[in-house]
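Okay, so here's the structure we're looking at.
Labels for the chains are A, B, C and D, by order of writing; each one numbers its residues from 1.
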Amino acid sequence: MYSLPELDVVRAFDAIGVLTSGGDAPAMNAAVRAVARTALNRGIRVYGVHRGYSGLLSGDLRRMSSASVSNIIQRGGTILKSDRCEAFYQAETRQKAADILREHGVQALITIGGDGTLTGAHLFTRETGIPVVGLPGSIDNDIPGTDDSIGFDTAVNTAIGAIDRIRDTALSHERLFLVEVMGRNSGYIATQVGIACGAEMILIPEYPTPVESIGYTLADNRRTGKGSSGIIVVAEGPEPGLTGRLAEQLRIFGEEARVCILGHIQRGGSPSAHDRVLASCMGVTAVDYLLAGYSDIMVGCDGRALKPVSLAHVSGGRKRPPQLYQIALQLHK
Amino acid sequence: MYSLPELDVVRAFDAIGVLTSGGDAPAMNAAVRAVARTALNRGIRVYGVHRGYSGLLSGDLRRMSSASVSNIIQRGGTILKSDRCEAFYQAETRQKAADILREHGVQALITIGGDGTLTGAHLFTRETGIPVVGLPGSIDNDIPGTDDSIGFDTAVNTAIGAIDRIRDTALSHERLFLVEVMGRNSGYIATQVGIACGAEMILIPEYPTPVESIGYTLADNRRTGKGSSGIIVVAEGPEPGLTGRLAEQLRIFGEEARVCILGHIQRGGSPSAHDRVLASCMGVTAVDYLLAGYSDIMVGCDGRALKPVSLAHVSGGRKRPPQLYQIALQLHK
Amino acid sequence: MYSLPELDVVRAFDAIGVLTSGGDAPAMNAAVRAVARTALNRGIRVYGVHRGYSGLLSGDLRRMSSASVSNIIQRGGTILKSDRCEAFYQAETRQKAADILREHGVQALITIGGDGTLTGAHLFTRETGIPVVGLPGSIDNDIPGTDDSIGFDTAVNTAIGAIDRIRDTALSHERLFLVEVMGRNSGYIATQVGIACGAEMILIPEYPTPVESIGYTLADNRRTGKGSSGIIVVAEGPEPGLTGRLAEQLRIFGEEARVCILGHIQRGGSPSAHDRVLASCMGVTAVDYLLAGYSDIMVGCDGRALKPVSLAHVSGGRKRPPQLYQIALQLHK
Amino acid sequence: MYSLPELDVVRAFDAIGVLTSGGDAPAMNAAVRAVARTALNRGIRVYGVHRGYSGLLSGDLRRMSSASVSNIIQRGGTILKSDRCEAFYQAETRQKAADILREHGVQALITIGGDGTLTGAHLFTRETGIPVVGLPGSIDNDIPGTDDSIGFDTAVNTAIGAIDRIRDTALSHERLFLVEVMGRNSGYIATQVGIACGAEMILIPEYPTPVESIGYTLADNRRTGKGSSGIIVVAEGPEPGLTGRLAEQLRIFGEEARVCILGHIQRGGSPSAHDRVLASCMGVTAVDYLLAGYSDIMVGCDGRALKPVSLAHVSGGRKRPPQLYQIALQLHK
């Protein structure tokens, strides 16, 4: 259960906009719903911007009612659709976006997405003066300044559901599987998934493991009677193909391993209870921060407390490595 | 992601016991696995006590190996089995239990369960001097001194999975459903579930709602075009039958509502990733607290930090009401 | 995989209607989608009748396009909404319904629902001459003339998912659970569920079991070391309360059993692959039967072959008891 | 619901063996349970052969009791473990296997697996005279002589669960995904999955589609306003890499498509109700066929009737293409 900040209303808005941008994440819809319902309850008009910053630039803003967010809290993806918008990296494009918002009478913006989205939001508000509050929406949980992000818990649950299935085959055939999970440069998904599925090993970019060491451990497991079957969870890393190459290298050490790349199944699906509640709390809080006069911030999560985090910090920062990585090492057989 | 305390080893144990007691909760097995593997890694023998305090009294202790907790992290229920043991309320019984542990050379005990289990643990260690560390295992999340308990997240996810199904019928037939969730005197499950499934109303013991007020709100919803279908989540309360009686009372107000009692399906099932990780972290930490010289404590969760909580506080305390209840009120249409 | 009849086109229609009526069932949406897309592909206009026969009487017909059934195949419930319509039991009401269809230029009707719906369809086409083809949509699988009905497989899967969870508690606490599943007078759900979850006993209306016999078997299981825990699957029967009364009667025999009533969670949810495919095949075939000049029939399922079944047979008939009941008896321990 | 043959007992056995071989499939455990319990009920000793034919050759036979198959019906994989055994392709090896069975007093064998397993069973019984009945256990459903195989329904449900998630992203980003499902040379999984998830296109080996035709259809969809997002289900085909190459070829046609390879997640997992019931019925029937004097047969499924199929037919035969492929073409937008 989260604790929300208590805030005084110091500003008024006639209308605000809300958009989702970058890779979609489960419970983005729950966040949109919370933003819309909270703003409407405060007497503010709400516009949904379709297709992220691209839709903003093309003026695709649609008035939202309480009913337009009914029955979406349980849906994956984003009803506002999303996009990665290269053009938004340019200052003049951001000015144009501000003009479009002003034409619609939209006085503030709530953006939901990952670090790219939040960096764009930071530049946008600094340059145009239009207040912006960001929400961390990312399955990777790699956004600096927040312990948690919308979609992370669901993605982890999806991955362990898949790995629980793979383990059936691993046990039946006494085989070793390398299972690649998402996360780009971040090992958060891999660490959480690895602990939760009782993986034999977890490989993440933050703590590189030499292939010799992996091969040695596997040989050692076999020698000490721990068997040669099991699951090694691998974070995808910055570029594709990592896990396939690892399997080839292990073959040199005499270790046979199957490769499974979980891929896009981790991104969608009905959000977990945790993500629905997190997104709901963050959506309410985003509107309340705007009304309390905040801007250029993201709603972050510190333990279970929601708090404002400067978007400048998010934009330039770097998240520390997952601390639980160490604990994982001592729990497998 | 949790942060675990850093602890120095000041005590040594030859053997410890671990038991689960009271109502079973998902991820109890993950906790047992983490306790066993951590202790074995520290060179400590581990005995699994079967059937909770009842099994302790009958001397049903079984030596555990690393392999005996293989492939259980994903299983619901508890491989150690559980029981509610009336006899353990008596001081002489607890002395007898201590004798049995001493006979087996077991020098400390880790107990996993709810407030009854933890109260028993408190009395046991105070009277017998045998060090005890407790873990909060309860789907209800009603244990004082901790924000979270093992099994809560899974139970909430199970309930919203069921309610997502019921909503299909509610929408197809434009009907109202009263869905009773578990939680006894606590509204934590109901509040979390209610927010996560976008319930029209949440009824919990901590904030009683008069039936007149419910009837009035429903009539108002109909009048203002919000429709008469939907989900009201009801915490079960101290005694059975509450929700059925509520449906009858609502009929007097002209409101027709179907009753669904989710019941025992909330208690079992493969644990969520969150609960598997929480239980794993708590299991590791329980052993480390024992080695650091702690006793008569529960491993509690404060935000995302694990910390010791006096069992005296757990035993006599009362958990504050769920704070998110207020937020739920403003999010439904 | 189903085999579909090969049919020649002998009739032409400008427009047809489709409706869902009675209790909703998973994959009704898949059937509506298949009806709409098939008819549109044949150059026929399609009207969705909202709220079953009630909506037909109030003229709630909406023109459907290919896009209006996009992205619904995976959704539970029915986008056309459903209702139980008492008025449709009267002949004059059915004449009025025919007039409304003719006003809209709708020349034939496809109705999806259970025996009440199909009986109404039979009377309607006989009295008004408007061609009707019915589809068996019922989680109970109690419709005569067809081996399978839309929604049955999903409901059974939902029930076993719930019972797999209950079994975790049954095993952890060595308890006996009476789990009541849907099915009214039919034991089809109970039999399929009972076999699939490895139930200790299955109680269905078609083969009544005296309570003495249940008590004796339970006592015998305990005596022969088979333990006293387990699951007894109970078909709900014609009126509520059966399973609660059974638990009370068993108490007289010294048997303690918990009661779980699965209730409405069995009705909703994303349909299983089987039901999506069955409903798709039946929806295509319904349109093709209309074009082949058939009327007053239901699309039935004989093994894996789809075939026409006279609605007169459906209306007056009685389904034979589930044959697999006998096999269930020899598989539990 | 299946109909089982009625068979007279004409032979007696003191002991039989049961094994699983080849790729594991969900509900193999349900089949093993049904074989063991049925045989035990008939007074026959049962030996579980571990690790398929490899375990048979190394004499890894373990006596089974009713309790040894308790609580396994819901588990994926196979408790008997499985293996692909090259050595069993040689006649002298099969003679050695027969000797080992005779040493243990095992007079007949029930083998559960795919076409390789069943071909081995056919040669084995023909050469050694030891009666064998096979069960079709294969997620691919590519075994001649049976409409259905143990594990197929579960694998299809797992795949559509994954694709329902991918569709969230496809819709949110208006992207095209190529989703590769299992099936080797068979398009059964792809066809069933494609219909069930409402795929825009299905590509299977039995009906090859030129890449030009795919590119043309996609361009046409865009031109006629059907959008460019969606799911194309691709059967994996005889060798890996097919789907990746297809994506590259489509790029030449100006079509951007993401690739998802579902891989081993389709093989494991708790079996669906359908597969548990199918496997239970087949397991019972396999024992009854042995007792009725049959050998060198597989228990096949013709519609919903179980019937004996000559293993010679299975071994040399070829399954006809999936008939529903045609229906799939007319149901997507």
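By our rule, contacts are C-beta pairs under 8 Å (C-beta built on N, C-alpha and C of every residue); 3 or more make two chains touch, one makes a residue touch a chain.
Every value quoted in this text rests on a predicted model; they were computed, and no experiment measured them.
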{"item": "Touch-network distance, chain B to chain D, counted in steps", "value": "2"}
{"item": "Furthest chain, CA centroid comparison against chain B", "value": "D"}
{"item": "Rounded Å distance between chain A and chain B, as computed from the means of their C-alpha atoms", "value": "28"}
{"item": "Chain B and chain C, separation of their C-alpha mean positions in angstrom", "value": "37"}
{"item": "Junction residues of chain C - those touching two or more other chains", "value": "164, 167, 171"}
{"item": "Chain contact graph, described as a line, ring, star, complete graph or other shape", "value": "ring"}
{"item": "Interface residues, chain D side, partner chain C - complex", "value": "1-4, 33-34, 37-38, 41, 66-67, 70-71, 73-74, 147, 153, 156-157, 159-160, 164, 167, 171, 188, 191-193, 195-198, 226, 270, 272-274, 276-277, 280-281, 284, 302-305, 322-324, 327, 330-333"}
{"item": "Of chain B, residues touching chain C in the complex", "value": "20, 23-24, 26, 75-78, 81-83, 158, 162, 164-169, 171-174, 177, 258, 260-269"}
